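In the two assemblies presented below, subunit A is common to both, partnered first by subunit B and then by subunit C.
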Partner chain A sequence: MASKGLRKVVAMSDTSFDVSVGQGAPGKKRWSLLRIGGRFWSWVWFILGAIYFLVPLFATLRHSLRMERDVLGFKAYERAFEDPSFLETFLLSNALAVATIICSAILIVPTAYWIRLRLPQARRIAEFITLLPFVIPAIILVFGLIRTYSTHFTIPFTDIELFQPLTTTKFGTYALITAGYMVLAMPYMYRSVDTGMRVVDIRTLTEAAQSLGAGWFTIITQVILPNVRSALLSGALLTFAIVVGEVTLASFLGVDAFGPYLFLIGQHKAYEPAALSFVTFLLTWIAMGMIQFVTGGQGQATGAH
Partner chain B sequence: MAQTSIALPKIKEPSNLKNWLGVSPFFLFAIMFILFPSLYLVEGSFFNQEGQFTLQNYVELLQTPSIVNAYKLSIQISAATAIGGGIFGFLLAYSITVGGLPRQLRSALITFSGVASNFAGVPLAFAFIATLGRRGFVTLLLKDNLNIDLYQAGFDLYTFWGLTAIYMFFQFPLMVLVMVPALDGLKREWREAAENLGATYFQYWTRVAMPILLPSILGSMILLFGNAFGAYATAYALTGGRLGIITIQIGAQIRGDVLHNPGLGYAMAMGMVIIMAISLVGYSWLQKVSERWLR
Partner chain C sequence: MSYLSLENVTKQFGDAVVVDNFNLGIEKGEFVSFLGPSGCGKTTTLRMVAGFELPTSGRITLDGVDITDKAPNQRNVGMIFQAYALFPNMTVAQNIGFGLRIRKMNSTDVHARVDEMLNLVNLEKHANKYPYQLSGGQQQRVSLARALAIRPEVLLLDEPLSALDAKIRVSLRQEIRAIQKRLGITAIFVTHDQEEALSISDRIVVMNVGEMEQVGTPFEIYNFPKTQFVANFVGSLNNADAEVIDPANGILAMDGVHFKTAEEDFASRKKGDKVKFSVRPERFSFAVEPKKDNVIDCTIENITFLGSVVRIQIKIGNTNFNMDTFNNPFLELPAIGAKEQVMCSKEAVLVL
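Here is the complex of A and B:
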């Protein structure tokens, strides 16, 4: 429907163009000719792009189906899923992703709300902070986190000790990696939630809720949260896509997550890694497809590598 | 972006301090997990093994050939994939916006770009081993059917060109994602005005559209550069740490002080942060310039 309407608009503008310029306008013929030529090249680029996308995926799928001699089959998938470590690491990664998403939401939704409502002067600095993870790639972040939290924690340049090393306990390590993932996900979560708040009138909503006697907690959980649901969900799905396959933080912090596991079996096995790579690809696709679905095509963004 | 909220009339504020208290958890988090870790690296880079303040680490950084070469290789790969991915991504974004392809292809390509730009790390490396590795699908296809032996011709997945080919898989989709809104921002009136004034299509692109798009294109390429420069997992999964790009060198240093000087490792990390910071500043500046016309 939409595309038909658009074509109509284009057609209309073309006729109005004819009227305004009249016959024999020097540029006209060349323009339409070039546009047809342009469409030809558009197809060329598109097909080249499609090949670049699809061939590696096809090759991976094909490889993963060839575990048994001369037949195509799902043997590699069976073998990969049978391994108890697969389930363990995969569940751990999912749990970390969920923890990251929940903690990020708790941290970011009230902050973005408060900055929009009461503290516009903090906006620039908050935006600056959310850009920092682009300057500090995962490998640098984990380097800094290890240096900061694997020893007794002191305030930089001083000897004031705050707490014990985090990396000595399992819970401490999980907390640390979740915090690291929150940093990696922050640009996407913050931007996504902030954009979501721009389109709803949070000021009026807040005043309405306040005049009905709602407290801050009620306002945020019952009024604001439902209104930024789809923005939050798209940020959450992107976070999920980033965290589930993440390798850098997990391997350096010694967390047995799915990313390091995939790397490990890649060193020892031939067909299972291809199978799991293809599964990972499908998962990413599902997450991105859901983002498109919940935001109506508005929420594309991309994660860290 | 910022103007909308500033322009709104201010509600009577209870007290400024109380307002800042409301965002304190966020800032506290940023201090704990971004600022402190960075400061620790900065601190470490300025001290020698005896704990004295020194600039020696940075001097040594520039004098150690293996480190300088690692920076060089990283910069080359990032620049190659930023320019290559940028041009190809732009052409793709062009083809689905003003290029006249059917609308269904547009949403298909955008979804796929979202997937591909997030499909990195270990699975991406495996996918390319299955494609362009020695026994990869495309390698064998070319060898058996066209008698082209890629590896005889000097191609190797585990070197510069291989990594460049792999990075392209997430680079040009990212370019598509950032360029589509910019191309959508080209106003029909500009094209019509050019057309009515008798400009050729070529003149319209070189004199009107390109000058408007150029800051956005360059800014996006810088974004791509940073994206590739900070990448670690893909290269590590591919080569297991043999290809000497800077992130892999830093990784080796974290695992076990291969340089035998922790301070030098921190200086190496700071060098990366500085390059990333410069590219981010360039990106933000170009973004601001492009916002004059494209909103």
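Here is the complex of A and C:
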């Protein structure tokens, strides 16, 4: 992602210099020198940026390969993977991530759709709400969740009990943490879905489907969803990356997720955390690569009409 | 009672009256065009028939059934949009079959109907392509096939050709008209292109800011416009100010030049009234029969080739008029600045 962004910057500065060449025809030589200069500086910035990202990563990798004295090897990786907790927590986090993505999609696709279609004036409010997770730290969210859901929940002013404390049961806790993750993932999910809906003209597509006899469920599942699929996917992969590495919610709610596990062994072991960090890094990158791949392919299919 | 009828249909958005007391009956199998300038409420009227907008007041009936409040997906109405609105995630065949699958038609029947429709619009070869792989004209034909596949009671077309280039526009409009005639389907066609409306409609509804100006066949609309607006909007027109000279005999004068009109109400006017009159450019011709109603002296000001037509600017009195004649290689055009005589019949002089 980062490298692509940088490459874009390079390309942009290139074209802007090209334009000035066209305008300043008389001093052509000087301009083209400047253009080379522009490209040079773009590369300098690109390389600096790359170093900033790659050096720590490289250090982590090197460290993780040095568990045995004087040899480079995958011992740390073997050790890390041997621990049964690794697989347990990793699988749990994956399951939670999938649950988060599915629930978010069910919530956000119809919401974003309805706002675009019928409540365009509510878009600013929706955007503001989806940005809240950036402003309010996860720790506040988790304390709010615990305070609200660790007691018996009654309908206000009555004694009718709605549900048992969620934090006392395993399923309840998983439901709670999934809801929490949905909040954290909202900025990514909502924004990517909303952008996806801007690309296709959902209003006209909706009307076309309606005039052919389709009801809301059919429209959302057969027309809207397939056309925002790539946008949804990019949101989903970001969500995945967030959930798998998340520490705050999981540790305060006492869920044995991958994030707290990584944190724990980080405090007790020397080489394994580096190995696992690197693996998580790779996973994230694979996720990013998949976004690029999937959206790249789809973008051509839907974007060209 | 008509097959499709709009009775006293009014639509307001807030305080703005966009469609004002619209009354129209359309017979089964008729092709009606809504013609009018941008923002006059054509789309809004069409969308009320489709069910996308609810009339503020009034009633819409289709085949004797009141459909005013019916949801769009409960009406059997085909809609064609300017932007094609094909589902990008579906192939041509899937697009055409969409409405049929919603109607729970079994797959062999869907297949057969889709093939029939592909055949109708000549797109058999493209059944498995995606919309983005087709040209604009092809996409619009798919959209036509998709709308017709459900055998709609009415076909609504909202400027379906506006996004296409001129050549395809002409061939596709003929294709649409031919298919409509063959299937005997009732259609409403929205356009702001008068030539389009004139060439394919059974009847034209000329609209102006929410109101109907005139309803009639293309022939009536063009030759006997009832209002100044219709006369100006449909075809091109020369307009001039004049003074009534002799109401009984239909004589009026412009810059001292007398014109004779056949306008029916002209007798009710008073001598000395100021009026506006109009003459279509093609109604002028160079005078060869002196017996014609109006034989007028003029000066040739300018000559423009427009392909099949030659437009000649003539000066009558102090006013410039356009005059159109068909182009042909043997045409002898007068020189610029020459004094000539032109003529036009008294029916050509419209006083509105």
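One rule holds for everything that comes next: the second predicted complex is superposed on the first by the 241 of 305 C-alpha atoms of A that agree within 3 Å, B and C clash if a C-alpha of one lies under 4 Å from a C-alpha of the other, contacts with A are read in each partner's own complex, and residues count from 1 in each chain.
To be clear about the criterion, a residue touches a chain if its C-beta (ideal position, glycine included) is under 8 Å from a C-beta of that chain, and two chains touch if they have at least 3 such contacts.
These numbers come from a predicted model, not from an experiment.
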Which superposed partner A:R124 touches (first subunit B, second subunit C, both, neither): first
Which superposed partner A:V247 touches (first subunit B, second subunit C, both, neither): first
Subunit B versus subunit C as contact partner of A:G144, first or second or both or neither: first
Touching partner for A:T204 - first (subunit B), second (subunit C), both, neither: second
Subunit A: partner with more touched residues, subunit B or subunit C: B
Which of subunit B and subunit C A:P226 touches, first, second, both or neither: second
Touching partner for A:G215 - first (subunit B), second (subunit C), both, neither: second
Subunit B and subunit C contact sites that coincide on subunit A, given as residue numbers: 301-305
In the complex, subunit C residues that touch subunit A: 50-52, 71-73, 75-79, 81, 83-89, 98-99, 102-103, 130-132, 139, 143, 146-147, 150, 156
Subunit B partner contacts - residues on subunit A that touch it in the complex: 2-3, 6, 13, 17, 20-21, 25-28, 30-31, 34-35, 38-39, 41-43, 45-46, 48-49, 52-53, 55-60, 62-63, 107-108, 110-111, 114-120, 122-124, 126, 129, 131-148, 155-157, 179-180, 182-183, 198, 203, 238, 241-242, 245-248, 252, 259, 262-263, 266-267, 273-274, 276-278, 280-281, 284-285, 287-289, 291-292, 297, 300-305
Of subunit B, residues touching subunit A in the complex: 2, 4-6, 8, 11, 13, 19-20, 22-23, 25-27, 29-30, 32-34, 36-41, 43-44, 88, 91-92, 94-96, 99-105, 107, 109-128, 130-131, 136-138, 168-170, 172-174, 176-177, 188, 192, 195-196, 198-202, 226-234, 236-237, 240, 247, 250-251, 254-255, 265-266, 269, 272-273, 276-277, 280, 284
In the complex, subunit A residues that touch subunit C: 200-201, 204-205, 207-215, 218, 222-223, 226-227, 229, 301-305
